[in-house]
Amino acid sequence: MNLQDGISLGEAIFITLFSMAIVFVTLLVISFILAGFKSVFYKEEKKVPVKKEVPPISDNAVVDSTEELVDNDEEIVAVIASAIAAQTGESVENIYIRNIRRVPQNSPAWAVAGRQEGIHNNFNRR
Amino acid sequence: MDILQKFWESTGFASMTGGEFIMIIIALVFIYLAVKKGYEPYLLIPIAFGMLLVNMPEAGLMEDGGLLYYLYQGTDKGIYPPLIFLCVGAGTDFGPLIANPKSILLGAAAQFGIFFTFIGAILLDKLPFVSFSGAEAAATAIIGGADGPTALFLTSKLAPDLLGPIAIAAYSYMALVPIIQPPIMKALTTKEQRQVKMEQLRHVSKTEKVVFPIVVALFTILLLPSAAALIGMLMLGNLIRESGVVPKLAETTQNSLMYIVTILLGITVGAKAEAELFLTTQTLSIIALGLVAFSVGTATGVLFGRLMYKLSGGKINPLIGAAGVSAVPMAARVAQKVGQKENPSNFLLMHAMGPNVAGVIGSAVAAGLLLMFFG
Amino acid sequence: MNLQDGISLGEAIFITLFSMAIVFVTLLVISFILAGFKSVFYKEEKKVPVKKEVPPISDNAVVDSTEELVDNDEEIVAVIASAIAAQTGESVENIYIRNIRRVPQNSPAWAVAGRQEGIHNNFNRR
Amino acid sequence: MDILQKFWESTGFASMTGGEFIMIIIALVFIYLAVKKGYEPYLLIPIAFGMLLVNMPEAGLMEDGGLLYYLYQGTDKGIYPPLIFLCVGAGTDFGPLIANPKSILLGAAAQFGIFFTFIGAILLDKLPFVSFSGAEAAATAIIGGADGPTALFLTSKLAPDLLGPIAIAAYSYMALVPIIQPPIMKALTTKEQRQVKMEQLRHVSKTEKVVFPIVVALFTILLLPSAAALIGMLMLGNLIRESGVVPKLAETTQNSLMYIVTILLGITVGAKAEAELFLTTQTLSIIALGLVAFSVGTATGVLFGRLMYKLSGGKINPLIGAAGVSAVPMAARVAQKVGQKENPSNFLLMHAMGPNVAGVIGSAVAAGLLLMFFG
Amino acid sequence: MNLQDGISLGEAIFITLFSMAIVFVTLLVISFILAGFKSVFYKEEKKVPVKKEVPPISDNAVVDSTEELVDNDEEIVAVIASAIAAQTGESVENIYIRNIRRVPQNSPAWAVAGRQEGIHNNFNRR
Amino acid sequence: MDILQKFWESTGFASMTGGEFIMIIIALVFIYLAVKKGYEPYLLIPIAFGMLLVNMPEAGLMEDGGLLYYLYQGTDKGIYPPLIFLCVGAGTDFGPLIANPKSILLGAAAQFGIFFTFIGAILLDKLPFVSFSGAEAAATAIIGGADGPTALFLTSKLAPDLLGPIAIAAYSYMALVPIIQPPIMKALTTKEQRQVKMEQLRHVSKTEKVVFPIVVALFTILLLPSAAALIGMLMLGNLIRESGVVPKLAETTQNSLMYIVTILLGITVGAKAEAELFLTTQTLSIIALGLVAFSVGTATGVLFGRLMYKLSGGKINPLIGAAGVSAVPMAARVAQKVGQKENPSNFLLMHAMGPNVAGVIGSAVAAGLLLMFFG
């Protein structure tokens, strides 16, 4: 087939059938692979839980300063939560803001080293 | 007075052609739609402003040495769209697809819109006033993929002069998905089918999410090497996201890089909508064919959904088939809304996200095939 | 005029007069257009208020936890407000931080979809 | 010992010329001014460091294949400055101008500093030791626009070899606005005039702010196609800002893109200040003319302010005319401070922002005209 | 020496000795310069404290809303502090979050000007 | 069937070579190490994915016109690594070095690993199966600098075809520093020496921190002009950081710019690991030599530390000499850990940061020398 100029209807139909077949085969194979995932990885994981490389910064921290509820507060909290999520890579659902406490008076000396990691590592406090 | 005369002649007021005038009006309409109606503003605002600028007489921004000419190189060489796919991958959760692998087939079925449109373009080529080479027909057809970066990547490779109309058609119809899809979805399903509640998706483990992009990249690119740029970048982005060990990389790709490339891509795609390239019967055909592409893709997605409804014994709601056209996440939202209208306790969104993200892969595969035939 | 090499004083004065005239005419016309704005858009808007496409996240949220006032607090609040403004696109004047309340316990399922919008849409909660 | 001799000869210590030594000293002074005095540090630090690096003997960073040579391409092709204008547009509120359209004329009057300087450069050209071609005179004159990206854009197009001195003169005088302007403002106004309190500006609607960049881009570029790159990008940035529907785009342009381009532009502009290009009588002339440009622009702005004071029956404070030179927002702040000194209850800042942002448009128009004549 | 192709062991050893010498000399000279720093700048500074060009936004602001202490709070505060540090250029150690107070009701008019500084200046409130 | 046959032949499945297969496996192993073991994931993920993509048969991403070919230009021209150095400079605190100037010599001593490896490569060249030109030996040796951008910059200039293996060796060994270094450190020191507690570092004033990058840039580049790109950018970044007057510039370089360049550099470096370039005895030699480089560098650093321990009368803990290899901040952390194991109240981290950042300067100087000899 010379496809560089205008092409015939027959060629077009052929390309269509062929391409749809390949599209289906490709996605079908991916579907099979994904079906295999469930048996390979899903169970496996229950046995050997993945060691978390980057510990979540605030799994259960919850902010709850006073009880007076004001309209739209949820959204403020949501904004802060999403900001924290963006910074920590933790998904929003796992962050609860409960309270704000005094900051540690003397920051550990290696907080400085943290700032120097540059390309090698991102800011993760341990 | 002579100099004033000369100055006047050098202005755009004096040398504007009718075509340029029409293009400026069209650009203003697109800006209106983007700003007031919220139609895909992230790309339509830059695209429309690019149209405006390139149709300013004498400004020469797309001529060799002009600002847009330089910025356009990234579009022309097919660099920006894969970079955006990198960012899109970093922002996409393939979890719903992994949880329900069968739904990926709906993402395949909906690609028929692409090839139906391809045949349509070839047929229009037989008309006296319209001309579509094979490559141009392929670029037009990819509008049916309902995926912006894929459409722009393929068009930049196959028919760069059509970047303007194809980009505008693709993004416009993506914005119109909530209007185009529902009537088709209702016409092709029964009330009973639309009311089907699907069972909750299983939990997807982190390992599965990390392995997914690697496996898909390997298999798809080995089968279809021409899809390497799109699928490769999409899956690298997704790996960066799901690995969890490079949060700053994930964040930067999803934000700074995404929006910087978006604006460069948008302006320069719009800058391909010069009057003489744009105001042709071909453009009209592209706009008409684009609507066909979206409609047929929706229809074949829904019809395949009906088939799966049958085969699964009524467990699959065929509405989620409409999400197979991509247009992430609008098409999935449309499926959610139409489903909930029939049955207020129905919650299809997560189930529709499966075909929805599968549609992105499906479109990229289709683009790879068209690139193989016509590249 | 051949302006590529050194030019004469006469030419320079001519360019000056001509250019200043064009500068004035250009800005004068813009001034007239802007004067027209007031009559066209300004009144119009009072009749038909523009429908807000992106609803502001926190029009009236106000933080006010306890009464003890500490120096420099205004600035902390201003920093937070500007951070929120940067994230939400809302102008600083419209944000009041009043209080921080418990985060919603179960995030809606489509919060996940929100994260997938990618290029198509930015994170806006409805 | 022979190898040590050879090594020594290859060092910069051995091969430094007197010119390079002087340039390094100048660069150090600029770093001092930027860091200690806070003179426009966002550009002066990169510029001064670029100067430092390019005057290091044998380093060859600006030779074909050197790091700065590649980065410089974006400056040379006139790409960076319009990109910065895109970001500046996304950060500029034209509201005060829309609220008080008459104040835009002050932004026109202050551009006379540009053309006065232009004539000055042509006159200096007649001197035996100084040489200014028309294009060089035009590039030098644009310093009077008091707007960095405009100056760098025009210079990159008309006289790239003058990028070093013109950039340094432009940003230095912008930093010195609080010192240069007040005496001129006081000399040309009466105490009574400086005490004028202006009435509050009206509220500007969102629609007006959205329409503004579109209308200004259309009209200005049609009238003066050569201003398309500057005005087009400035107004696209402003549309992105004011549309309100693309906050992430607005945020990215105002931050990541802005500062990435700033640093690339700064270093490479500084890298055009090689000793043999910089240490000339022309540079001295440029520095002298730059001061003239700022002073005359301030003066004509204030004088036009007096005219408006008269015509308005004393309602307009002529001090805000000084803000017409651009130098956003410093010049507006200077007007505020000088006004408040005479009358502590006086609050001119918002009124001065009108001429101030108008001056940006006025300078871009002037640059377009000079580009038309000499481009 | 022609070093473009394979080189002899002798040449390699020569390059090694020569290069190590230069590396040492270079760093030794830097070491001397730094030793000089102490006498020149360090004492000097004590006499004439450097005028801070950019005043820190929140030298001593400290947040301390209620006393109930919850696990992981430190980390939340650390995240917020680091976010503020990133925005203000202040080092983390100097920021104490003590309390959140009502935001000023009417923002000063020139807060608007601050937003316009664009390239010329970053957001610094005075 | 004919078309199916042809299609099959066009797939990567049909045309994959054994070499490509091996490379894909290697890439997968690197992804595993990066994601699961956390080995330098910020660069190993992009590098490994680049390896994956370039070894996909028929994909042609590194051929002229391919996506990676364009992105690779920034690596090939030596642009990305100095840009990353700019960002690294903006993220590095040289305070510990300024406070303890003598520790800089440990950063010099550890560079011996580079030159020992260089001699090793020249010796291997004499073997029949291995070939190292002088330039290739120099590029290989720089792995001992334990600094990624320096290694990539020098390699892009001296032996671009070795970018793949050298990048992988450099980043792998940097990730393995906590495993490679401790046994060497223990073998070369006595328990008593390891227990030495060092006195607290003095406070470093802001002025010192601002002057430091300027002075180091001036002196080093004057002495060694070929180090200008690396040292110049590193010190400009540090000046931006320490000046305190351009916080937005410091923030953007440390984040957006850093991660955007990181991803581009990573992918394209990986894309130089094509099977035919990678699967050679030279690569095996490079991997072996890289380990030698790290080990010898650690050893000479520690031994020089012993010398300083002696000369200082037991005030300097020789463990901090191991940090002189760069690998910031891992090597400094290793020194801290090994020291604390012997004496739980020992706190060496800040003292080890001095040689650690000195090692970055030392490696850049060594790179400049190698560039001078072989560039």
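Going in written order, the chains are labelled A, B, C, D, E and F, and every chain counts its residues from 1.
The rule we apply is simple: a residue touches a chain if its C-beta (ideal position, glycine included) is under 8 Å from a C-beta of that chain, and two chains touch if they have at least 3 such contacts.
Note that the coordinates shown come from a computational prediction; the quantities given were computed from them, not determined experimentally.
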For chain B and chain D, the touch-path distance in steps comes out at 1
To get from chain C to chain F along touching chains, fewest steps?
-> 2
In terms of mean CA position, the chain most removed from chain E is B
Tell me which chain's centre, taken as the mean of its C-alpha atoms, is farthest from chain C.
-> F
Centroid spacing, where centroids are CA-atom means, of chain B and chain C in whole angstrom | 29
Can you give the whole-Å distance between the Cα centres of chain B and chain E?
-> 44
Separation of mean Cα positions, chain F and chain E [Å, integer] = 23
Give the residues of chain A that touch two or more other chains, as numbers and ranges in rising order.
-> 18, 22, 53-54, 62-63, 65-66, 83, 87-88, 97-98, 100, 122
Check: chain F positions touching at least 2 other chains come out as 35, 38, 42, 223-224, 244-246, 248, 251, 255-256, 262
Along chain F, where are the residues that touch chain B in the complex?
-> 10-13, 16, 24, 28, 31, 34-35, 38, 41-42, 45-46, 49, 52-53, 56-61, 65-67, 70-71, 255-256, 259-260, 262-263, 267
Could you please specify the touching residues of chain E with respect to chain F in the complex?
-> 3-9, 11-13, 15-16, 18-20, 22-24, 26-35, 37-38, 41-42, 44-45, 50, 53-54, 86-89, 122
Chain F - residues contacting chain E, complex = 97-98, 101-102, 104-105, 107-109, 111-112, 115-116, 118-119, 122-123, 125, 131-135, 137, 202, 204-208, 211-212, 215-216, 219-220, 223-224, 244-248, 250-251, 358, 361-362, 365-366, 369-370, 373-374
Chain B contacts chain F in the complex at 77-79, 82, 86, 210, 214, 217-218, 221-226, 228-229, 232-233, 236, 239-240, 243-246, 248-249, 251-253, 255-257, 372
